[in-house]
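So, here come the structures, one by one.
There are two complexes below, and they share chain A, which is joined by chain B in the first and by chain C in the second.
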Partner chain A sequence: MTVAAEATAHRSRRRPRSKRIAQASVPYLLILPVVVVITAILGYPLYKLVVLSFQQYGLAELIQAATSGAPAPWVGFDNYSSVLHDEVFWQVLLRTVIFTVANVALTIGLGTLIAFLLIRVSTWVRVPLTAALVLAWSMPAVVAVQIWLWMTNFENGVLNYVLTELHVGDYTGHDWYGSTFSKLAMVTLLIVWGAIPFVTITVYAGLAQVPRELVEAAEIDGAGPVRVFRDVTFPILKPIFLILTSLSIIWDFGVFTQPYLLIGSSAVDTTNYLMGVYVFIEGYAHSDFGRGAAISLLMLLIISVLSVFYVRRMVKMGEAS
Partner chain B sequence: MVTEAAPSAPQVTRAVPRVASVRRARRRRMRRAAWNVVGLAVFVVVVFPVFWMVSTAFKPDNEIHSLTPTWFPTSPTLQHFRDAMARPYFWDTVKNSLIVVGVVVVLSVVVAFLAAVGLAKYRFTGNKLFVVLVIGILMLPQAGLVIPLYVVLAKYHLTNHLLGLVFTHLVILLPFAVWTLRGFIMGIPKELEEAAMVDGSSRLGAFTRILLPLVAPGLVATSVFVFITSWNEYIFANVILTDQANQTLTVWLSYFYGTSRATDWGGLMAASTLTAIPVVIFFLLVQRKIAFGLTAGAVKA
Partner chain C sequence: MNVRALAAAVLVAALAVVAVGAGGAAGGSSANTLTVWLQVDAQSGWPEVVAAANAQFKAQNPGWDVDVQYQTWGTHLAKFDATLAGGNAPDVIEMGNTEMTKYSAAGAFQDLTAISFPNKSTWLQGLAASGRYGGKIFGVPYYAGSRVVTYRTDLFRAAGGKIPQSQNEFIALARKIGAKNKAKTFSPVYIAGTDWYVAMSFVYDYGGTIAVTRKGKWVGTLDKPAALAGLAAYKRFFNASSRAPAGSNESAPQPYDVMAHGNAASTYGPGWFTCCVGDYKNRVAQFVMPSHTKGQSIPGFLGGSDLAVPVGGDKDKAAAWISAFTDNASMTALRAKGNIPNTTSLLGTSVNERAARKSWFVPQSKNWVNVENGNVLRTMLQRILSGRSSIKDAASVASDNITYTLNQ
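Up next is the complex of A and B:
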């Protein structure tokens, strides 16, 4: 065995240089296709995004580019100053931050509680509950939006019926899309419902790795469930929580499909924009691509800052394993 | 059952520990029963939206529009499914979705597999940069990429063309596929391959005979997840494909609501069910395998 290993080592040392270079280039050849595809399809548009943000680029320029290829006029930092001096931008930013905090807190909080519930219930409850979570998780966003529209419909939506029957109040004919707060609350319900399963199932898997003896020892020492969580379980699960929270922040900050479709393309406006919807309407729907590009870049910048933690963490883990 | 223990009385002292343990066991059973009730309540809340979609899809219109809803369809009908499938562009958009998804799955898994092997099996300068690139792209918000992708695709006359959407989906899904496949490949013990090479196999031989069969489940799981994401994708499909006959199924579904003043809820729920079915089936198959890719390694086993 060792002789064979030595022999191969010896042989490789004597390999001609050209062969060694060929060997070293293998990983680069393997990643080359991915790099080429990403650079061609994403790199160029990203470069274009930066260029666009300094241009006046509307529908006319778009048609021009596709036909004659004439360049669009340069406007310097006009797009940026227009956006940064726009009250709407700051309102949308603030609204999106509050929305993100609420959604992330609800998702992580409820998701964790359900994970703890899963260890406490009997198997005949755990199995259907897990199945329900996976089912909710698998629903496509567009489908989930249609279900929500139907359940919250003011005429014969089941939500109004149930709330009235439970004597929460008279919700007959209640319009859930009347005020900004109510609209965004419905979007929050939809997003939290769809996002809880990922959190619950990840935390539940993590809980299985908390040594039982530690929890029991703490309980014998008289620690209640809250203290056990704070001093024993949470420190062990902390890496999981950090990753789940940063992923949720990134996803919720940039969310588009749920708010756009649930509020409705005809009802989204400056009073209820979230960042993803705002950039879509201002840039694409209004065909003001230059200004939209400036907003996109600002949004990408914020998300990059938010992502630094997650990316660093994943890279470190990639090295460790 | 004795519930009152009098520790002072000598004849019951021996029975005290038993009574206490019986009582403790009973309290534990009570507590478990209480948790089970909470668990069932959560089950109902979590499953209800999906149940309501399927239930509505099978109900006749008079049951759907009644002010007191019936929980289960009393006289189930397939009429809504027939209506949904008969609506204009349903089959066109199903076909388009299948074409886009098929091409994207094949291209992204093949190309990503090569890169994943490069990342998992070789140490090379720049591999960290590549990992940062891959994960960084995974984090980009899609809404922020709509404008540049649309403008560039419009310039090359690729809007309103399935190819434009295929390109876009490739960019979103390649990083994801690279990252998960890399995890699967790294999960295979190095010794297996090395053993094959010591036994005289070439590197390529060891690769095709040892690595490939072992990584096949990972390839299947990744393909399925690429399938699901591409099938579900909405924003780019909506922007890039403008003609109704060129759109994908999710975009078709998103226009279903609000096409007329009185929405056909039964038809909408039947159409939603039809859209979700392939996703749910595939998701159930591979959920276990992929769920932890995004958090892999956060807790050491």
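Up next is the complex of A and C:
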């Protein structure tokens, strides 16, 4: 082999390698702007929140910081220990976990069932139904709360009127927010109603991707609808369910608008706080922003643990089947 | 598109929705605009007084404009905190007299001691006291309101009722009116179950209190015998006269709306309630709520508002607007609406002013507002009225809670 030939061989070997590196780095370069933006708009507030949670930061400190720029006193882990030693925090946490499980299960369950319904019905039914779902999804939470309050009003709400007229019972003057359970049940109804469309439309889109021949083959082998769903449809749609459930957990665990507005600022108290409302009352209503920051960081931690636990379980289930 | 790509698309769409939801609108005032936060009471009750003050201010301060933004009691403090942090607080804010102490103590307001406001020397004592902290004036009295019974003259007459002179007479009359109007949503005397302003009037009527100071510390006193007797009297009165749910509150629905719907023969609340009873406007009158002692009146909550100037704004312009809004012409107009004016020089003998002669006020602690925000009293009242716990148990829990909160 001549020197020239050897050099050519070297070059031809080297060129693909640098090309490979360049190719490998392209995705990272493409994602870089997004990472920078996300770090700026999420990372900086998060950093401020962490700092805040280690400070004694009340109304007086807030006004001082805004007028003279004086820093708030550093108190170490005082905020965290006061929250963790508060029995109200643990009650609210337990209540919120139960609330989240109920809401997510109802949302995903009913949403999936309606998605199956959408496949079965004719186009004439499907189009109006889809339109109604999109309308429900696009309704702002604050507006929805006002309409629900109007419908469930004890004095002249349409719900009491209709139930009474239908002879379901005498619901004249019935208070739908009479007990802690009924308050949270009304909140659950509103949230599930608002969240179903997203689940339904997504699962419906996913069902269109399930190969028809797989379902038919299973049916010929004698599998019932439940069996087909469990062993054919669900495994194929699992990435979708994974995303939907994780998102629902995150939304429902920290939900604020619906419980605060539906139960009402003059009726939220330690017997019906959910996490989102609890943070708001402790942080804003009591003007103890440091403590509020500590609670919200604890929330973040809990939600991360819940999500990781859930995703791992789902992935394991997938490997097992 | 395969399932994984679909899942990814869903995730992106969901995050986009969250991001859109998170982008809130921020308000701000331009250089020559005075931003004023008033409660919706002014918007529904006396908008023309606000308009007149704005016109007067603009005439005296050429080139200036006034932006009045109406707030609700339940949310205005949280919004105020946010604007304080963001440096875009309003130039003038209406504060409830129970809310002043916390914010004055924290240094949220500018010192107005040196400014000569109209009628400053004859301000209502009780109201002016709520605007003072540490010897300085931070709040200008705006108006006070006592609570009176607003009633339908036709329904009371039909029940053969004279004006009741004691609580027992009132209960007997309420039963008579109820017997003539049997609808399940009809209240002879509409009172929201958790209306603690009413309930605490019964407590004070029996010689009870919410909290007292002992050796420099606050002690909750709702579990004392006098207060318990008052709570029992409230429960008795409520059961005989109101069909509101135990957990209802006095802002949803507004008691005057219930009267306007024809669902109540009377209600016990602020004097300006006659404004908004709809078609019954010419068939309502008012009297002073009687005590359990015959011939006397019940001590009523002396509600009221102050006008304060948050730090950072133009103090002189803000003070000029406040002066226009609290001068004799404004106060005379407010009085005509059934409010108590901020100056003794305009006080008369209206039913509202007679009711104000006996009054009670909340414990003056900077932490009192946390008791209100935590709905401690409302929770207690709901438990008592729904029968979920005994009066004594509910009152003890509330009392311990109040002791703890006030001493924080």
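We take it that the second predicted complex is superposed on the first by the 254 of 321 C-alpha atoms of A that agree within 3 Å, B and C clash if a C-alpha of one lies under 4 Å from a C-alpha of the other, contacts with A are read in each partner's own complex, and residues count from 1 in each chain.
Everything that follows uses one rule, which is that a residue touches a chain if its C-beta (ideal position, glycine included) is under 8 Å from a C-beta of that chain, and two chains touch if they have at least 3 such contacts.
Everything numeric here is computed off the predicted structure, so don't read it as measured data.
Asker: Under the stated touch criterion, which partner chain does A:A66 make contact with: chain B (first), chain C (second), both, or neither?
Answerer: both
Asker: After lining up the shared chain so the two structures overlap, which partner does A:L244 touch, if you call chain B first and chain C second: first, second, both or neither?
Answerer: After superposing on A, A:L244 lies in contact with both chain B and chain C.
Asker: Decide which partner touches more residues of chain A, taking chain B and chain C as the two options.
Answerer: After superposition, B is the partner touching more of chain A.
Asker: Go through the superposed model and pick first if A:L149 touches only chain B, second if only chain C, both, or neither.
Answerer: both
Asker: Contacts for A:A205 in the overlay, against chain B (first) and chain C (second): which applies, first, second, both or neither?
Answerer: In the superposed model, A:A205 contacts both chain B and chain C.
Asker: Let me test your reading of the model: by the given contact rule, A:I236 touches which partner, first (chain B), second (chain C), both or neither?
Answerer: A:I236 sits against chain B and chain C alike.
Asker: Output check: A:Y284 vs chain B and chain C. Expected answer is one of first, second, both, neither. What do you get?
Answerer: both
Asker: Is A:A267 in contact with chain B, with chain C, with both, or with neither (first, second, both, neither)?
Answerer: Once the two structures are laid over each other on A, A:A267 reaches chain C alone.
Asker: Should A:I38 be classified as contacting the first partner (chain B), the second (chain C), both, or neither?
Answerer: A:I38 contacts chain B only, not chain C.
Asker: Please write out, lowest number first, the residues of chain A touched by both chain B and chain C across the two complexes.
Answerer: Residues 62, 65-66, 149, 153, 156, 198, 202, 205-206, 209, 236-237, 239-240, 242-244, 247, 264, 280, 284 of chain A touch both chain B and chain C.
Asker: If you look only at chain C, which of its residues touch chain A in the complex?
Answerer: 1-4, 6-7, 10-11, 14, 74-75, 77-78, 81, 84-85, 87, 102-103, 105-108, 183-185, 194, 243-249, 251-253, 258, 261, 263, 311-312, 370, 373-376, 378-379, 382, 386
Asker: Contact residues on chain B for chain A in the complex?
Answerer: 32, 35-36, 38-40, 42-43, 46-47, 49-50, 52-53, 56, 64-69, 111-112, 114-115, 117-119, 121-122, 124, 127-128, 130-133, 135-137, 139-152, 154-155, 157, 167-168, 170-171, 174-175, 178, 182, 186, 198, 228, 231-232, 234-235, 239, 250, 253-254, 256-258, 263, 265, 268-269, 271-272, 275-276, 279-280, 283-284, 287, 291-292, 294-301
Asker: Mind listing the chain A positions that touch chain B in their complex?
Answerer: Its residues touching chain B are 1, 4-5, 24, 26-31, 33-35, 37-38, 41-42, 44-46, 48-49, 52, 57, 62, 65-66, 114, 117-118, 120-122, 125-126, 128-129, 132-151, 153, 156, 158, 161, 193, 196-198, 201-202, 205-206, 209, 236-237, 239-240, 242-244, 247, 250, 253-254, 256-257, 261, 264, 275-277, 279-280, 283-284, 289, 292-293, 296, 299-300, 303-304, 307, 310-311, 314-315, 317-321.
Asker: Help me check something: in the complex, which residues belonging to chain A touch chain C?
Answerer: Within the complex, chain A touches chain C at residues 58-60, 62-67, 149, 153-156, 170, 172-173, 175, 177-179, 198, 202, 205-206, 209, 236-237, 239-240, 242-244, 247, 264-271, 280-281, 284-287.
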